Amino acid sequence: MTIALFPGSFDPITNGHIETAKKAAEIFEKVYLVAMTNTSKHYLFSPGERADFARDALKDVANIEVLEKPDEITVDLAHELNAKAIVRGVRNSADFRYEQEIAGINKRLAPDINTILLFSSPENSFVASSMIKELAKFDKDVSQFLPEKAAKALRRKLGNEYAE
Amino acid sequence: MTIALFPGSFDPITNGHIETAKKAAEIFEKVYLVAMTNTSKHYLFSPGERADFARDALKDVANIEVLEKPDEITVDLAHELNAKAIVRGVRNSADFRYEQEIAGINKRLAPDINTILLFSSPENSFVASSMIKELAKFDKDVSQFLPEKAAKALRRKLGNEYAE
Amino acid sequence: MTIALFPGSFDPITNGHIETAKKAAEIFEKVYLVAMTNTSKHYLFSPGERADFARDALKDVANIEVLEKPDEITVDLAHELNAKAIVRGVRNSADFRYEQEIAGINKRLAPDINTILLFSSPENSFVASSMIKELAKFDKDVSQFLPEKAAKALRRKLGNEYAE
Amino acid sequence: MTIALFPGSFDPITNGHIETAKKAAEIFEKVYLVAMTNTSKHYLFSPGERADFARDALKDVANIEVLEKPDEITVDLAHELNAKAIVRGVRNSADFRYEQEIAGINKRLAPDINTILLFSSPENSFVASSMIKELAKFDKDVSQFLPEKAAKALRRKLGNEYAE
Amino acid sequence: MTIALFPGSFDPITNGHIETAKKAAEIFEKVYLVAMTNTSKHYLFSPGERADFARDALKDVANIEVLEKPDEITVDLAHELNAKAIVRGVRNSADFRYEQEIAGINKRLAPDINTILLFSSPENSFVASSMIKELAKFDKDVSQFLPEKAAKALRRKLGNEYAE
Amino acid sequence: MTIALFPGSFDPITNGHIETAKKAAEIFEKVYLVAMTNTSKHYLFSPGERADFARDALKDVANIEVLEKPDEITVDLAHELNAKAIVRGVRNSADFRYEQEIAGINKRLAPDINTILLFSSPENSFVASSMIKELAKFDKDVSQFLPEKAAKALRRKLGNEYAE
């Protein structure tokens, strides 16, 4: 069975992430989408909440399983899950260079694991998570960028700060 | 069975191409490496020669099959071969943008086919085919950049032009 | 009256060019779309044909006028037409750098003329003219990328070369 | 009347911002330069101070009006001011990608508003606000990068921290 | 005597920094590697510790001298040390743009000082300091990315936070 | 003595090339500027003419010597001239990537030779040789972009093609 690992913050999951997960599920027989932790980032939601939004958004895709692994690094998890490939989505050349650095270090740590990149579709190529959060802080509707459960949670968490 | 198509000019195949093909063969159960034609390019070798160099270089990889299809476009070939993914190697952000354009048009022509990118290893990330040919024109040794059969053929075709 | 000049090869005009022209027409009171000549390019169509495709595609936009000026450089034409701004469309950072070089030289030649950039919409951001021509050479349908008259002319000119 | 909105942090306004504002004022009949708030940024000066530095620097340009709107998002303000275009200055391809993301989200929120980019002149193309602040922290003269009132205020606020 | 200044945070020094320092030492008769301070950065180690790790790693290179200058800006230090060139290492185009901005401001402050860039070798081109620290936080071995003394110090400082 | 080699097409030499050569001459005790041949390029001027324009433009810089070497590759020439460094000028990230590829291959061929990059000044950062030639074809004044002798030769060679 061909297995892929899709690691990320997913804080919260966006339509762009969902698109990447579904494309991976068309290519691999099994995909693990895993909410992880980058210690230099400040998170809005807990690993459990982040995994829950993802689970809800992808419940109709049989060969995707959502996990939460805040205390592991990606290549260790890939070995644990017997995943041959780490999957990541890319929107533009800035994403590309960031992914090239992560893949460069992962390859030094685990030469047997390959990173593969999937292009975002054009409509998701110019949408940044940071800007969706900025809109939520001004209590704007973000439902066109996020799955329903995540959109509501984000508005509740950030919205009232600035709303009249 | 998960099937991938690795299309390209391969004029001739380089160590970077071979690396990408072998990584794809670790991820997919079957990989077709296919010498194709971009009408705006001037080719040194015929489709048959290009496929032959690739076949020779990859003869030890059981799940890679080499074909030559100079008269087809990639997405038609992917459908013909029942390939769910088009595989391409990328070295830097200039490659990335070029691949994003090709994948953008391919997605408009065939929404069911995904393009996946594989990173070149660091040592192949700064090697351009055009520069390998320039070295061959000055009759320099190119064997560290190309598989044996392709390196000899390139020196024979270009080498004597400048050699004393 | 605020006047803008939209110069280009338009060989032939694409949906991306049309989008840029219409956006300019929303911002400026008068827009001149002008088919010009870059002597280092090989053109498929004559200046007259290129202007005619554009005229046909933009006939419903009252404040856009199409001209053909193969023998002039852009800043001279801008002065002639009393245009305060040169308008250009950009898809990605490679386009951006190319436009920055043209604008850099134009600013040295005519400090009173400003270049403004308009973003392509996402669906036109990954479509390259060269790839549309490549599809036409393989006799593929290009009507989703070009206005009708230009699409037919391109298939006639390139299509039969490769069609069975 | 053709109206443009030039939104930004302006914390404080630099010679590059002033250049962009003046170019916009050559193209549009009315330009609103508005000090706004990005909640993920830490500001040195209040919205009122930021607007005041800008007003002082642009007092000789009749068709530029400076406002402060810390509680609004850009597209809402553009509709309020009847502005057809959002104007932004760009120095290099990193700026370009950042602006492409903002414009991408703004276009999803308000399809009737266009973002236009104006190139920085070469001498302002390699000057980053963050580095001007770093110089001020070492109590260095920053007057060649900022208008007078802003330069003095920045030295007062940051300078003595490191000065012997 | 040709003298160069290699300024940086070196928090801590990596194999990529060491490579750049040694290349500079092949080109210039004297190289000063100086641990400096960027006030917008949060440092793990003091200037003294940072200089000490560098001194230990470069003790075998006779024409390299390590200093610590947390209270000076680079161009002042270059004048003080009579250095004609500021040396910096670059891995990719994101580094390049960042260095172009620093060099742009330095050239405005000190037209007599030139910045020269040295390429990282391929194996160091995809290694980011931030990611080495992330590995250390997960108590992973970082010895393949850092000189010995720095690697041990980093694991002591960050490692136990996440180790079971 | 510290020696550097500045190789290029110089077809013809531009103010940007001259700026890079003079900066190198401030850093190294001896600089060889050498007109060479890239077989994939079409040249307007012979190696002799190209060297002659450069010699004329740099006659006042004592430690710069101009040569013409159309039949050699750069690293062989560097060894011949005992040059420790290959010097190249860079304007933007596209130049950077191109130079990274050349330096990558040169480093594989000659590990003892380092490539160093010098930034163009802002006013030369957006000037492309191809666009200067395009202006000359339209018989426009190019003297602000090229040294005198080269500017006259370029107008003679290209100018009358388009001049009324």
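Note that the chains are named A, B, C, D, E and F in the order they appear, and that numbering of residues resets to 1 at the start of each chain.
The rule is simple: a contact is a pair of C-beta atoms (placed from the backbone, for glycine too) under 8 Å apart; a residue touches a chain by one contact, two chains touch by 3 or more.
Keep in mind the model is a prediction, meaning the values are calculated, not measured.
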| item | value |
| --- | --- |
| Chain labels contacting subunit A and also subunit E | B, D |
| Intersection of contact partners for subunit D and subunit E | A, F |
| Required steps from subunit B to subunit C (each step between touching chains, minimum) | 1 |
| From subunit B, the most remote chain by mean C-alpha position | D |
| D-F against B-F, pair bridged by the larger set of C-beta contacts | B-F |
| Proportion of interface numbers common to subunit C and subunit F (over half same, under half different) | different |
| Same-interface partner of A-E, chosen from the options D-F, B-E or D-E, over half of the pairs matching | D-E |
| Greatest separation from subunit E - chain, by CA centre | C |
| Inter-centroid spacing, subunit D versus subunit B (mean Cα positions, whole Å) | 47 |
| Geometric centre distance via CA averages, subunit F-subunit E, whole Å | 31 |
| For subunit A paired with subunit C, centre-to-centre distance based on mean C-alpha positions, whole Å | 38 |
| In subunit C, residues with contacts to at least two other chains | 92-94, 97, 100, 103-104, 122, 125-126 |
| Those chain pairs that satisfy the touch definition | A-B, A-C, A-D, A-E, B-C, B-E, B-F, C-D, C-F, D-E, D-F, E-F |
| Parts of subunit C lying in touch with subunit F, wherever the complex brings them together | 38-40, 71-73, 93-94, 97, 100-105, 108-109 |
| Footprint of subunit A on subunit E - complex, ascending | 92-94, 125-128, 130-135, 137-138, 140, 144-145, 161-162 |
| Residues of subunit C that touch subunit A when the two form their complex | 92-93, 122-123, 125-126 |
| Residue numbers on subunit E that touch subunit F, as the complex places them | 2, 23, 26-29, 84-85, 90, 93, 96-97, 100, 103-104, 107, 114-119, 121-122 |
